[in-house]
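Below, each structure is written out as structure tokens.
Okay, so chain A shows up in both of these, paired with chain B first and chain C after.
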Partner chain A sequence: MIEFFRLANVFLRIGAMNEMAYRANFWIQTFESLLSMATALATIAIVFNQTDSLGGWQRAELISLLGVYFLVLGTINLVVSPSLGRFMEEVVDGRLDFTLTKPADAQLLVSISEFRIWKILDVILGLIVLSMGLLTKAEATSFASALVFGITLLAAGAIVYSFWIILATLAFWFIRIENITMIFWSMYTAGRWPVTIYPPWLKWILTLLVPVAFAVTVPAQALSGRLTFNTLMSAVLLAVALVFISRWFWKLGVKSYSGASA
Partner chain B sequence: MVAAVLADGLHKTYQVPVRGAGIQAALKSLVHRETEAVQAVKNVNLEIAEGEVVGFLGPNGAGKTTTIKMLTGLLHPTTGIAQVFGYQPAKREHQFLMQITLVMGQRNQLLWDIPVIDSFDRNRVIYKVSKTDYEKTLDELVALLDLDSLLHKPVRNLSLGERMKCEIAVALLHRPRMLFLDEPTIGLDVTMQRKLREFITQYNQQTGATVLLTSHYMADVQALCKRVIVIHHGSILFDGYLDHLVQRFTAHKTISIKLSDPLVDLSGYGELITRSEEQAAFRIPNREAANFTSRLLRDLDIVDLTVEDPPIEEIIESVFNQSA
Partner chain C sequence: MLRYYLNLYPAFLRIAVLAQIQYRASGVIWMIGSIIEPVIFLVVWSRVARARGGEVGGYAENEFAAYYIVLMLVNHVTFTWIMHVFQSRIQFGQLSFQLMRPVHPIHEDLSDNVAYKIVQLTVMLPAVIILILIFQPKFNFEMWSLLLAVPAIILALAVRFTLEWTLALVAFWTTRVNAINQSYFAIIMFFSGRVAPMALLPVTIQSIASALPFYYMIAFPVELLLGKLTPAQALTNIVIQLGWLAFALMLLVSLWKVAVKQYSAVGN
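Entry: the complex of A and B
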């Protein structure tokens, strides 16, 4: 864990310097984040002009869900997606050889090798919208709900990260698979709405195949107090299982890595 | 004492995909990929003592890089044993990785968009080098490689030669005992090649580090390595002193003379390679060289005489041709 913070600190600093070099990115990112958040909020407003509840979800609850959606999205785009994207490039061009000859955990190194710090805006916006949702809700959020929310959010982080690691690790065998993360993104957009409102087949895909349900819906359910004990337990168990499975899979990948031919 | 590098019966077989020409074969390979076993390294045995600088020679695809990858833990040997300072590289143990470094002339580990010094700092953190040690090493490297003006420039603004100097420096910040240098001088101009060679020699003398170097430039090898290992088609053809390689693979010497009388008849002495008015060069079998030289000196009025081995490139080429 100390190792993690030591390395994360230096990579974060380098990432920050990298992005400072291109100032325009900051403004573009601000604009993009605000625009996509505004669109999402407007969509919710339109829906609730027609109805008072969507599949049992109130307006304030959906706003909180949107907050969670942006929070998770921002975290993925802040470090997971850029780092693993870079990892996949390094497999292709052979620079991974340098990473693998370093005396540090290779999975850790590739997971935090690149930070897009401006994506932190999505995280901040997500937190603001989340609080907005909670404040406008009829009844106050209990401490227990907040605690369960914290647990489900941690589980969500672990599940999403492990899922990405598993996708990225496939690069060890198939070399060129930059497009593989599309599997995640195409499904993630569906997470703007609670997966419970979708037809069963899609709900299953979003729960079992691509874990969007656990990434967004479950934490939001925890906040609105509608989370069952069984769902909470499955989120935690799935998180633990995926962390171990992805770790095992990563090690298998490293073993079979042969390096780009020189 | 444990050898720095030890390889015993090292083999590496790759499964490479093969497919025929044309769209039909391409479609077929989407579903069913046929592979073929390629033996990149066959029964390689070698031992390198600590502090040695060894040149690793061979044409493209000879198995040099594969061997280096097995010694740095990037590849698992198919069979056989690889050891570096007694560690098994493929286990990628922390203590092992702390003591080695890898420089590849064709790839860079420096981060492209940020100043060199920040990439240095990243490696300092990864290798857990203390600030004081780091500054001391950095000062030495800056002095030896003349990096002063480069440290604060983004890597993308450096020339190839400048970048290579920085690549070597970043790879040495943790003071490794074993250097794997895979074509470190590739693409560099002659002056920069010479500077890097001088640096490697100095580094080896000052720190006693072991160096295994591959290069296509014979000048690198001649300047740096007493010992060379020649590999071809995955097998070692020669392992020994560079001088011995020359003796073993050249049957002839080139004897050049300068005459005071341009009209003298040189027929009947031996195989004449070139002849201008005063200059002449003969190709003479090694064991006859001494007698031949004294005969020339006795019979003719000679201003100057030199006895030379053929250029090292020619020798290496003849090694490869003999084994083909």
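Entry: the complex of A and C
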């Protein structure tokens, strides 16, 4: 664990130094993050101009859900997607050989090898909007639901990370895997709304095939106090199971890797 | 002149279709995004209609289904990806090769665009059929609106393609086109009827939208097909489309002249 923080700190510093070379990027990123948040909020405003509840969700609750959506999105774009994207390239051109010879756990190394630090803006903006939603809500959020929210958010992180590791590991067998992450991004936009509003077939796709339900809807349900005990348990169990499965799958992948260049 | 283009386009199209078939797997994956977006809004607005007692803004639940399924098709026909690729063309110098050719690069882009859409109809049409089976839309097609929809959709593509191709030229002056592109995509989302049918937007947005070209690129053909417009309104809108097309072409020609003059290749 100490090893993890030490390495993460190093890669974070490298990422920060890279970005400092292109300072204008900060303003562009700020603009882009604000714009996409504004578009999402405007969409909610247009829908709630016509109704005052969507599938049982109030406006304030949907704004909190949007906050969770950006929080998870920002975290994926901060480190998971850039690192694993780079890993997939390294499998293709053989640079992965160097990573595998390093004296640290290879899965850990490839998972944190690249930070896009300005994506932290999405995380911050997500937290702001999330609190905005909580503050405008009629009833106050209890300590218990805040605690459950923390648990579901941890589970969401573990599930999304494991899902990405499994996708990335496929690169050991299939070359053109970047395209598959496109599927994730397309489906992830469905998470701006609670998955409970979708028809069953779509709800199942968003729960089992692409873990949007556990990444966004479940934590938002915890915040609005509509999470059932069963859902909470399945989120935690799925998180634990996926962490082990992805670890096993990763090891299987490394075993079958034979190097592309060297 | 016309003869020249009549020889040129079939050749470009044949090459483009063959290339598209090579990359059909990635093509299918790109299509998922353009299918999921209308499905999301279809579901959201059907939910709103149900909460409001079956109808909102003149659309019943099954009319929202019809609206978004037709919109998905119209958007498929009219969308372009030129704004995503123009910057790399300049940055990596591919544009230099295109400029050496005796034809304007826009013709190859248009052929690629049409070829992609023809090839991807093999994904789009099954998707349409499945969505019709799932969502049970209510179509009120009429003969006259179906006939007028043909020029309306072609003009929608022409306006959108010309305008987005012109906007892509901004890449000649800056390498950071992403922020500009993203702003454009946000604007077109709201003003073209993709977030909500025009009738459901606040009145101020509706009046701004009528002064902008985006309604005529997507929502107008959709409303026409759904029988939301009178023949007179439809004809007026087609005239407005022609006006926007003329404007966009003029802008394209004058901007292109300036842009190419100050282009100096990078890379290659």
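Assume the second predicted complex is superposed on the first by the 260 of 262 C-alpha atoms of A that agree within 3 Å, B and C clash if a C-alpha of one lies under 4 Å from a C-alpha of the other, contacts with A are read in each partner's own complex, and residues count from 1 in each chain.
One rule holds in what follows: a residue touches a chain if its C-beta (ideal position, glycine included) is under 8 Å from a C-beta of that chain, and two chains touch if they have at least 3 such contacts.
Since the structure is predicted, the reported quantities are computational estimates derived from the model, not experimental observations.
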Dominant contact partner of chain A by residue count, chain C or chain B:
C
Using the touch definition from the top, say if A:G150 reaches chain B (first), chain C (second), both or neither.
neither
Does the superposition put A:W201 against chain B (first), chain C (second), both, or neither?
second
Applying the touch criterion given at the start, work out whether A:A104 contacts chain B, chain C, both or neither, answering first, second, both or neither.
first
Touched partner set for A:N179, first chain B, second chain C, both or neither:
second
Could you list which residues of chain A make contact with chain B in one structure and with chain C in the other?
none
Mind pulling up the chain A residues that touch chain C in the complex?
24, 28, 31-32, 35-36, 38-39, 42-43, 46-47, 49-51, 53-55, 176, 179-180, 182-183, 185-187, 189-190, 192-193, 197-199, 201-202
In the complex formed with chain B, which residues of chain A make contact?
6-7, 9-11, 13-14, 17-18, 21, 93-95, 97-98, 100-104, 106, 109, 255, 257-259, 261-262
Interface with chain A, chain C side, in the complex: residues 25-26, 29-30, 32-33, 36-37, 39-40, 43-45, 47-48, 51-52, 56-57, 134, 176, 178-179, 182-183, 186, 189-190, 195-196, 200-202
Write out the stretch or stretches of chain B touching chain A in their complex.
14, 65, 69, 72-76, 92, 94-95, 97-98, 100-102, 104, 106-109, 111, 113-114, 118, 121-122, 125-127, 154, 182
